[in-house]
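Working notes, beginning with the structure itself.
Chains here go by letter, A, B, C and D, matching the order in which they are written, and residues are numbered from 1 within each.
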Amino acid sequence: MSTDRPVKPLKVALFGSGRIGQVHARNIADHPDLELAWIADPFIDGARTLAAETGAIAVESADEVFANGDLDAVVIGSPTSTHVDLISRAMARGVAALCEKPIDLDIERALACRDAIKGNNTPLMLGFNRRFDPHFAAIQSRVAAGEIGRLEQLTIISRDPAPAPAAYIATSGGIFRDQSIHDLDMARFFVPDIIEVSATGANLFCDYIEEAGDFDSVVITLKGRDGELVTITNSRHSAFGHDQRLEAFGSEGMLSAGNVTPTTVRKYGAAGTEESDAYLPFFLERYAAAYRNELDSFAKAIRAGIPCSPGFDDGLQALALANAAEESARSGRAVRIENSVKIGQP
Amino acid sequence: MSTDRPVKPLKVALFGSGRIGQVHARNIADHPDLELAWIADPFIDGARTLAAETGAIAVESADEVFANGDLDAVVIGSPTSTHVDLISRAMARGVAALCEKPIDLDIERALACRDAIKGNNTPLMLGFNRRFDPHFAAIQSRVAAGEIGRLEQLTIISRDPAPAPAAYIATSGGIFRDQSIHDLDMARFFVPDIIEVSATGANLFCDYIEEAGDFDSVVITLKGRDGELVTITNSRHSAFGHDQRLEAFGSEGMLSAGNVTPTTVRKYGAAGTEESDAYLPFFLERYAAAYRNELDSFAKAIRAGIPCSPGFDDGLQALALANAAEESARSGRAVRIENSVKIGQP
Amino acid sequence: MSTDRPVKPLKVALFGSGRIGQVHARNIADHPDLELAWIADPFIDGARTLAAETGAIAVESADEVFANGDLDAVVIGSPTSTHVDLISRAMARGVAALCEKPIDLDIERALACRDAIKGNNTPLMLGFNRRFDPHFAAIQSRVAAGEIGRLEQLTIISRDPAPAPAAYIATSGGIFRDQSIHDLDMARFFVPDIIEVSATGANLFCDYIEEAGDFDSVVITLKGRDGELVTITNSRHSAFGHDQRLEAFGSEGMLSAGNVTPTTVRKYGAAGTEESDAYLPFFLERYAAAYRNELDSFAKAIRAGIPCSPGFDDGLQALALANAAEESARSGRAVRIENSVKIGQP
Amino acid sequence: MSTDRPVKPLKVALFGSGRIGQVHARNIADHPDLELAWIADPFIDGARTLAAETGAIAVESADEVFANGDLDAVVIGSPTSTHVDLISRAMARGVAALCEKPIDLDIERALACRDAIKGNNTPLMLGFNRRFDPHFAAIQSRVAAGEIGRLEQLTIISRDPAPAPAAYIATSGGIFRDQSIHDLDMARFFVPDIIEVSATGANLFCDYIEEAGDFDSVVITLKGRDGELVTITNSRHSAFGHDQRLEAFGSEGMLSAGNVTPTTVRKYGAAGTEESDAYLPFFLERYAAAYRNELDSFAKAIRAGIPCSPGFDDGLQALALANAAEESARSGRAVRIENSVKIGQP
C-alpha cells in the first residue's frame, strides 16, 4: 500500500505439496511481497494441483528449482530427510530459506550441515510457527517486557487430537523429535538457555505406537540457566480437540493462554452451563494465523537484511533437547545439556 | 469472641414454619447474638418439628408470642396477609421486626400501616434479602465507591427455575408483585429514585398462569431521576436453574455478577468444552449467604440502635413500582411514579 | 479450486470510498468470484487512492458506473441520501445491488422506492452485516434448529465505544435509525414478526447529542407475534470498547455470545485475576468476518439466482421499527407495528 | 434432625491451639455429633483462649486428656514431632484419632509407629483435608465414575501465597515433606499406586530458604502402576494468592478445577476486561469447607465403625513419595518406589 514498496515481489519456490506445503502455498500466494513461482514435488500430480490453484509452475526436482536465476527464496515443506540437502543447496546459492522443523532426525547430520554453512549470512529460518501464534507471542512479549516480573515457572500443555497413522509414526523419529520438539522450542522462546532435561514416557492407549518402541504420552521437565522450571505435558490424543495451552508464572503474576474456540457462543442447559464450542480441531486451523505471521516475518527479514528468528541454531537446540528428553525417559536420569551435545552458533 | 459481647443474646420469635421460616429458624439458631425462643404457626405440627430441631418453643398464635415480656425481636415469615397486622403489633410493643416481602399485596393497606406506625422508631426491616447477596452487594458498594464512574444502565436478569403451582399463583398477587418485586428493589438498591416505569408481559409456556390472568414472562424498563436506565427481564421458568444476574454499566466501566455454581469444575469433551456445573437450583441455595447476612444486619442494627435498611419505605416503594409495572403492561403506557402513588417517609 | 468455477468473476462497482467503502473495497478485491472494477466517489481523491490499492478504476459519478455494459453488481457504501437513487438505477438496469443500511432516513422515500422496484427480481441485499457475524449467526442457526426449544426472550446489548462527532450526529437520523437499527434487524433475524415496540431514551453523558435533540442511551422492548420478548440496550459510549452481546433464552436452555478479544491471554495479579485483553475496539475489527461473509453471501446469491437475505423488505421493517421506537420514546406509549407503518413484500 | 440420632455427641479432645488447631476447634464445636471437651496445649494461654470461645476445658498435657474415661476421639493439630506419640497413645487407649499431616518427618519413626499399631482397628484418619475439598472431590468421584474414560494424565498446580518465615522453614522438613506432601496425597487420591518419582528443584526468590538448603520451587513427575503420568508444580509464593488447581485428563475428556473467588463479580475497563476478584488468600479460606467435610467424615466413620479414609497408610505413602522426590531432586535420578521404601498395610 505504500508507494515505495519494492516493485517486484520476491520469487519463491515451495518444496512439498502435502498438507503443510498446501498451507505455505496459499499463504505465499496471498502475501503481497511474495510470488509463488514454483512448486516442486516428485509426486508431480500433487505439485500440479496446487500449482493450478495458486498460479505457480509445478516441477519434479530441486534441480529445476535451483536452475532459475531469479529465485529469491525457498520454503521447505518436503519430508524431513530432504531438509539438510535443500538447506545446503539454498545457502550455497545465496537463496533465503524457510525450513520446516526438524532440521533432521539425526543430530550429527544437522551438526555437519551447520559446519558446512558456517559464515554464510543468507537468511535461514526454522519453521517453529508457534512462536508466531498471536496468543503465545503476546505472552512472550509481555513477559519480556517485565509484566510478571522474573519468569519462574512455565507450564506447557500440548496434545494432538489423535495419533498419526502407524506408517507416519514409524518414520517420525519418535514423539520427542516429532511432537514435543514444538514445545521444546516454545520453552526456549521463553527460556533460551536450558541446562537440564528430565522426561518420563508412557504407553497408555495406542498399540502401534508401543509396537514401534515409541511413547504415546510424555512429560518433560526443563531447567533453565537461572533456575526457571518448565513442564511440558504431551499426548498423542485428546478427546476434546487440539489442546494447546501455556502458562507463564513470574514473581509478580501470571499470564495464560487457553485454547481457541471458533465462536464465543456458550450454551446453558439442564445438564450443564456455560458450555463452549469444541476447540479448533488441529494445527491447520489452530495455527493458521501463526503460519501467515511466520511467512511475513521471513519476508520482512529478507527485505531488511536481518537474521531470521528462529534460526538454524534454534532448530539444533530443540533437536538436542528432544534427544536429551528421549535419553532421560529411557535411562531414568536427568540429562545435563552441556554434557550431551555441544552446540555453538552456526 | 470479644469479651465485651452482650451476655444475653436477643430473644427472637419467628412467625411461620414453612420454607422461608425454616431458613430463618436455622439462621437465628446459629447466630451468636440471637436466641430462637418461639416459633409461631397455626399449623402447629410444622412449628413443633422446627422447634424441636432448633431448641425453640412452638406456639400457635401471635398472642402467645407477644405475651412474653422478654421478647426482643420478631422475624415474620408467615403468609403475606398477616404481615401488616404482625408489623403493627410488633411496633406497638416496641419489638424489632424483620418482615418478609411484600408488606401487603394491597398498597392501601400498606400505606395505612405506614400511617399507623409513623414516628415509631422501633427497628423495622424489610426482607429484601438479595441486597445482602455477596455478589450483588459487592457490585453495589463498588459502584457507590465510584469504581465505574456515573451509573448509566443497569441490566437485571432474574428467572425462576420453574413456575410455582397454580394454587400459589392464584394468591401471589401476580408476577410483578410476587417475583419482579425483588428485582424492583434491587433496581432501587442502585437507583433509589425511580421516576418512570414501562413493562411488557407475555404468556409463553404456562397455561394456568394465563388462566389466572397473569403473565409468565415480563420485561420492565425503569428510568431514574438522573436518567439512569434499568431493564429487568423475568421469567417464571429456566431450564438451566435459577438465573440471577446483574450488570452495572457506568461512564468508566462495567461490573457484572454471574450465576453461581457449586464447584469450579469444568468439563471438556468431544461435544463441547469448558462446561460448568448446573447452577445452584433455587433461592434457598442461591441466597443462603444473603439470608444469613440479612439476619446479621438486623441483629447489628438493633444492637447499634440504628435504622434498619432496607426499611418499611423500601417495601412500599417496591410495591408501588410493581403496581406501576402491572399498570404499564396492561395499558401500554409508561407510568410516571410521582403521579401513581404518593409515598413519603414512614 | 473447483474446475467448474465460472471463468470470469463478477464485475463490481463500489459507491463510496469512506470508512465503510474501504472495508468493502478490500473484501471485493480479495473475493475469488468478484472483481472490483470501479470505485465511484465525487471526492475523487479518495476513490483514486482506494482504486490504486485495489486495482480498480476511480470515477466521480454514478453515470460513469452505469455506462459500463459489463457491470454485474454494485455495492453501495455512499451517504444514506444516495441509497434510494442508486438502488433504483441498479434495479432498473438489472444490476445486482448490496446497499448499506438504512435505505433512507425517510420511510416515505423508502416505501416509494419499494413501489418503484415492485416485481423486479434483480438481486438486492441490505447491508445488515451482523447477521453474518459468526457468533450471532451460530446462535441464530442453533435456535432455528430447535436447540433451546421455543425462543422466549432475546437480550441484545450493543454499545459503541464513543459517540460519533457532532456533525455526524446532526445528519444521522438519530440513535434509533442510526445505531439501534442494527439491533432491530438482529431482533428480526430471530423474531421476524414484531408487533409492538416500546422505548425509553436518556441523555446521560454527551451534551451535543442532547443539543441535537437526540438521546445518547436508549432501551427498546419488542414483542413478537408469538409473544417473544426482546430487549435492546444501546449506548453511544463504552469505556471498555465495542460492547456487542446477545442472549437467546428458550424453553429448553439458553445460548449466549460474548464480546471478542484479540487473544485468549488472561492475566493474574495481586489486584485481580483472569483479566482478559481489551475487546476489539470497534465495528471494523469486530465485524471484519461479518463483512466478508456478507459479501460472499451476496456473490453466491447472484450466482445461484436466489433472493438475497436480508433483502429490501428487511431494510424497511428495521426502519419502521426504528421509527416506532422513536415515537414510543417521545410519547411514552407502546407502538403497535400494524398501526404505524404498513409494509408488504417489495 | 433425625429422631434416632445418638443422644450424646462424641467427646473430643483437641491437641494444639495454633492456626490449624483453631480451625479444628471451631469445626468440632459446630458439629452436631461432636462435643469439644478438652483443648490441650503446653502453651496454656492459647488453649485457654480457644477453650473460652468454644466452651471446652483447657489443659496443658496429653496425660490430662487421656486420663478422661469418657474420651471418644482426639484431633491432633500439635507440632509434627508429637504426632507419633499421640497417635500411639490414642490407639493404645482405643480412642479414635484424626492426625494432621505428616505422621512424622522421619519415615523410620512412622514405620515403627505402624508396626506398633498393627492390628489395631481403632479409627485413625490422616488430615489430608484437600481430599474433602468440594471441587477436587467432585472431579475425583466423576473420574472414578468413568466420566472421562481411563485417567491418563493428572496436572496439579499448587502455590502458596508467600513463603513461611525462616524459623518455620528450618523445622518444616523441606518443601517436599511440608508443602508437596498435600499434592502427593492428591495424586494418590486419583492414582493410588505410584511406581516412580522424578523431581527438580530450584531457588528462585527466597534467600533464607536457599540458606536452609531447601528449594522454593519444585516440579515433581509421578508415574502410576498403569502408566498414568502426574505432574505437580509447586512454588512457595504466588503474587495472585493461593493457587490451587487440578486437571484430570482421560481417554474420553478432561475435568478441571480452577481457583476460587469470593464472588462472581467481573470488571470491564479500558485497561482490561472480565477481571475477576483476587483469589481466596490462603488455605484457611480456600479449604474451609474441606476441613469441615473432613471432620464430618471422621465423625461418620467412627459412628459407622468403618475405616477412616485417608488412613495411616496414606500418610506413610505420601511421606515416602516426598522422600523419593527429594532424593530425585538431589540425585538427578528417577526413584522407583518399590526400591526406596517398603510399605505394607498397617
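What we mean here is this: contacts are C-beta pairs under 8 Å (C-beta built on N, C-alpha and C of every residue); 3 or more make two chains touch, one makes a residue touch a chain.
What you see is a predicted model, and the numbers here were worked out from it, not measured in a lab.
Asks: Does A-D or C-D have more contacting C-beta pairs?
Replies: Of the two interfaces, A-D and C-D, more C-beta pairs touch across A-D.
Asks: In terms of CA centroid distance, which chain is the most far removed from chain D?
Replies: Relative to chain D, the chain with the farthest C-alpha centre is C.
Asks: Report the inter-centroid distance (CA atoms only) between chain A and chain D in whole Å.
Replies: So the centroids are 42 Å from each other.
Asks: For chain B versus chain D, what separation do you get between their C-alpha means, in angstrom?
Replies: Here the centre of chain D sits 41 Å away from the centre of chain B.
Asks: Please work out the Cα centroid separation of chain C and chain D, and write it as a whole number of Å.
Replies: The separation of the two C-alpha centroids amounts to 59 Å.
Asks: Multi-chain contacts only, two chains or more: what residues does chain B have there?
Replies: In chain B, 148, 239-240, 252-254, 259, 267-270, 277 touch at least two other chains.
Asks: What residues on chain C touch chain D, complex-wise?
Replies: It comes out as residues 239-241, 259, 261, 267-279.
Asks: Mind pulling up the chain C residues that touch chain A in the complex?
Replies: Where chain C meets chain A, its residues are 1, 53, 134-135, 138-139, 142, 147-148, 252-260, 262-270, 277.
Asks: Along chain D, where are the residues that touch chain A in the complex?
Replies: 148-150, 152-153, 155, 157, 159, 196, 198, 200, 202-205, 217-219, 221, 223, 226-229, 231, 233, 235, 237-240, 243, 249-254, 332-334
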